[in-house]
């Protein structure tokens, strides 16, 4: 790379410009061809990638709102409206990607995408709520880089199921071994921090959104998916 | 003087005796089993790996035994057998022999082994590894004092920390035993007193500051000094001559660095305890410390 | 403990001198001096032949002035010092010069030597003793001598430091140095275990020592003269104290510690001054010389006797009858050992000098030179050898190194020929006192490694 | 310039004698980063292989047009273009894998293996040789990745390519799928291979 | 949309190429620093991947090292043999045809030939033993602790029965052994033929002294010098004037070799076929590791 | 306050917790190749830090102004050909890799030539490392990290500004320097060690890297801990 577009042998200075461009003709031609090819690739593939990205979330929506069984049966008449909501706070405002789920014409609930710091890296969560945000209908871990074998267990179905049906009125708390109270979540063995990160994230999201999530204030980008 | 490598190692073993005894007193056969596993595995590994290098193993210098005992004492008694075996094999293989054997290693072999299993088998090494051993152990049956503090905000009484009737790795629970053995080492000059002094001093200062800033209440300075593996680490692990700096000045820096890192990790990191990581990190800095603390020769500028 | 002792010693009242009486670091090897310390000096008769290497001192060799078959008389000049740092050579016996030979000194130098076969009349033992140490040594009568005269006498007598280093004395005791000298320190420490050469000289010829010291002080223009003696040499201290008051010199009693006899550390202990690295005592206004050298100076100036004999201790567990002997230079060591009853069966090693800094040798034909302060023959038990294992970086060598170096690093760097590292850890400051090797729990031959490193550096420099 | 090795030689050399990872120590970032499982490792090998093959072929085709001082620019341009294509392709058709490999796909651009092969082989030899070379190197790279990935995944999770292989009671060595495991496994394997080599050549020496 | 994207992509790449080529072209002239033209051509020959595999910081530094410090031309891992050949060609033009230089050990004494040897238990290295008296009588000859063996990267020198012996088939003439020898008895000698005549001794002492320390050392009798002009007696030691030496040995040279009472004039180098034939039935000598332990002076002492 | 905490945590994260070399495995080649002497390692580290900072600046600027969807320059140019709405969606992110690698390489070369001409002393100690690292993964990696925090971020408030990008770049370089200097210190000591022949060189370096990586794992979670201590939410 260090010789990029230059010539180390001294060239008479009068001809340098011409010489430089002339020498680089192959590069220019390649740039032309490659630019065109890449742009074509972009045009062709970017919608697919965008759809992949969205689908990753959308695929989970029925499961999160309607319960685990519904994923297999694919209920018909499910509408999902993606949008964003801005929550004004003391500090910087928070943005959430939310998905309004309408089943057979009636609001079935919300799915919220939220990101927070975990033990290792960021944790990306989808949280399902009932239509009036009084209860959690499920959570799903979209992305995490927690310790494999320990913190990574936050993605396990068994652990996530604890969240289903928890009321949002009181913040959830993490206990070690044997959750008893309705707002308690069992920590994963050896990964209390990861467990607490997830619960904290859920609590924060709930607190931010409770009572504020109504179709009126959400900026819906477009209606994307109709499951039928 | 009559001091040879062998007598040095023998002194270390004598100094480790109080910890071994307290471990056996508090953890019964868990301790015996773990220690035996580690020592046997360490000896075996040393023999195997030196043989692989086509050399004759010299187990008589007792260094492998010392590594085995320190390793055993730094593991929870209830950790499964393979933890001790793997830790010992890693300690000897990657921690020592690959660098050329005794005296050449950059990192403390026991800590290399322990770090490996600590990360590899976090499940059996973390809080839940410390299963209740049907004993008169204070408060938590399933947590070391530091774990209890970090995760649940619980506090273990200072008396328990001092005498050692708490849960924890075999050798670290009793501050008294650590002090006894450690002072013996320092008096015999097998360990340099500068290192533990540095560790304790900087821990004291930082823990004090943290206390004042209310970062680590209800744990006080005394808890930080007596709790966890701090004393064990300061007297037995950090003072490993091979992996610590040569000069008194360097030893001070080394000790203070360990203390500072321990407190950084204890206060902020995801791990409840930081002695092992702190020692490894400072080990890695030892060559640089040595380089920076070349003493001024007599009459030099 | 060592630290505690050090602390205590610092509190020692030191009215006589400004130093603390000791230095930091160092070791305490067992002294074992009692083997010979109470044996009076015995005069050795002239041997059959003497071998006189042309270089018995630091600096350039001398030029032989005699030819084979030439007859020489006792005390005749036979080699002339060439250049500034060199020393003259005199015949220690009367006899006939033989063919030049090559001899190897214990320190490994390979040298041309003048060989003299003894012939004709030789002074007898009593005569020699009277000449060298007996009679009156009235210093006062020589007050009229100028420094130049004293120095000229030293130069022509071929005197070199008799402590071991063998540095030509006329250079050290120069009347007009570039730097003014305020203090003369006389080294009576003899910190090497076993050896009692200087001790016996101080006990039996304190007058000569004092006379020599006063002359040397006069030569360098020193305002004060201090004799430093370790506190385990009570008799010598007493003997010198008796004379010191009258002569106006101070006796500094120092802690017994190795290597107290090293120039730099003696100055530190006596004057609390540090000689700069790579510098000389003269740089801080101090001249320093050994007690035995002082007797040679006194002889040279007051009786015009050249340096032909010296006192050595023949000692160690491997010698039948340990003795202190006044021997002619160039006498083969084999003969000396015979005088002492020969070697015991369990003798393991012969060392020219003391066990800490001496050089082991194997050839009984090796001659005594001006720098030989003793012959130590150790038995197997005394040479308790630790098998070499590996450095565990315990730092004991760092704790004892009187030069405050890092011997293990130096040794390792030398071993692996890392010249950068060798330089970074200032190898040249090491004077090979052996304290590090003495304490090394791994039994490493640290000094030998360091010596190799120095050779490497020298080779690099010559390139 | 002397005649280079034949296509067959190129092909065989890439696999073991000149293995890019173990012998030439090239492309280590990818080697260490993606070997926590067999699947990502193989995906990476295929991705590298595609880029290598394409770049080698293109460079070999235009090798006579190359100006010496501009050749690296041309190499980089070509490589970067193909890497971008691979990256998008994975994003479109293997979304999860693309997410798992993250930045290590674009980092193929600075993977020394490719630029090295372009330099050593493609810019000097015919298209066919260059292609054979690319395939050989890819297989070598793939084998190296697989050797590390198998050890790490097996010890680390008890699985191979996501399928449970060891008994469920196997205590997973979590460290093996974490960064230290990558360093240690590769370091030990490298030492082992050097050792085997040394033993082998010593034996040959004794015979010869 | 599509066409705009394509157009913009192409536009950006093109403008980037043009701008950069102008800027860097300008900078190259403006900031030009004169360097050895060979460095430039080696830079061109090197891959320019700057991988650091050669141990230098980049291709540039390696190129400079080749030109200025005489670094080996084959260090580039990436470029491989082609590249090495190119670099060698660039350097070769300047260097010209060179004679092969090979080490010659100027000592011919095996253990049994040396007198005055004593037990030596110090550091088992020549550099250390050399500083100690009494390891062996001869203070010039090979010590046999193998510093040269350790220095050799090509496994081309071995201590055979106490004497360093070069394996000329493996030797590449790098001179590392000569540098390592603390007694400087290994010289790097021009080999004008596969075998070359050498004086296998370096003792400069008088003959009588030599005889007391060695059974085979050159005694400086001068017989060779009297017979042939090729030999010169310097400091009691026969030396060969290699400038006058040719591979065609004249009769008087052979005669001198015959005449040498200590047989110190020997041919070294790759053995000729006849030599091999002759020695085929001989049993190879056992390689003896230097095992004489001892010493004299390990200043280390314990009471 | 919150912004400063973010900056601080990005710095700590890049330098220690998620060390470029020991956690992300980027820059392994120089880590193994140029870590034999401490002074060399320092020069290398300094050069990487410098280049990575330049790269962070360039990549952030180019991405935000030209390459990302809705970037002002692109929107302005595209506005000549299409409606403003559609111009805002023109996405040139596909060019990012090529543009990064070229712009970084040539700007570094420019700096190298400049330094070589006008500061020969500086060039000796640090400039010589510049060409070596233009193709270093660490540089491109930093650009990619920055890109991932600029393009396609759901929450516009979380998109990184120039400040955060520069901090990431600079402290990523610092982390690299820390790792390589530690390694060089150790390797200088290893010269005096009796390492098995087959482990000499790269193998032992990798093993030490592994132990270092274990030691650095101790820092995991320090960022969350610090965030809590500094009064943020976990």
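General observations
For reference, chains read A, B, C, D, E and F in written order, and residue numbers begin at 1 within each chain.
The rule is simple: a contact is a pair of C-beta atoms (placed from the backbone, for glycine too) under 8 Å apart; a residue touches a chain by one contact, two chains touch by 3 or more.
Bear in mind that the values here come from a model prediction, so they are computed numbers and not experimental data.
The fewest steps needed to get from chain A to chain F, moving only between touching chains, is 1. Both chain B and chain E are touched by A, C, D, F. Taking the CA centroid of chain A as reference, the farthest chain centroid is that of C.
Annotation: A-E is the more contact-rich of the chain pairs B-D and A-E, by number of C-beta pairs in contact. In whole angstrom, the spacing between the mean C-alpha positions of chain C and chain E is 43. Rounded to whole angstrom, the centroid-to-centroid distance between chain D and chain E, based on C-alpha atoms, equals 38 Å. Averaging C-alpha coordinates per chain places the centre of chain C 69 Å away from that of chain D.
Contact with two or more other chains is made by residues 25, 69, 72, 76-77, 81, 84, 88, 112, 115, 172, 174-175, 178, 180, 184, 188, 191 of chain D. Within chain B, contacts with two or more other chains are made by residues 1, 94, 98, 101, 104, 116, 119, 122-123, 270, 290. Contact of a single residue of chain F with at least two other chains is seen at positions 29, 91-92, 94-95, 98, 102, 105-106, 109, 131, 134-135, 188, 196, 199, 204, 207, 210-211, 214, 217, 220-221, 224. Two chains count as a pair here when they touch; such pairs are A-B, A-D, A-E, A-F, B-C, B-D, B-F, C-E, C-F, D-E, D-F, E-F.
Note for the complex: chain F touches chain C at residues 188, 191-192.
Residues of chain D touching chain E in their complex: 1-2, 4, 24-26, 68-69, 71-72, 112, 115-116, 119-120, 124. Residues of chain A that touch chain D in their complex: 1, 3-8, 23-24, 26-27, 30-31, 34, 37-38, 41-42, 45-46, 48-49, 52-53, 56, 143, 147-150.
Remark: chain A residues 1-6, 34-35, 38-39, 41-42, 46, 84, 91-97, 113, 115-121, 193, 196-197, 200, 204 touch chain F in the complex.
Residue ranges on chain F touching chain B, taken from their complex, read 38, 181-182, 185-186, 188-190, 193-196, 199, 204, 207-208, 210-212, 214-222, 224-226, 229.
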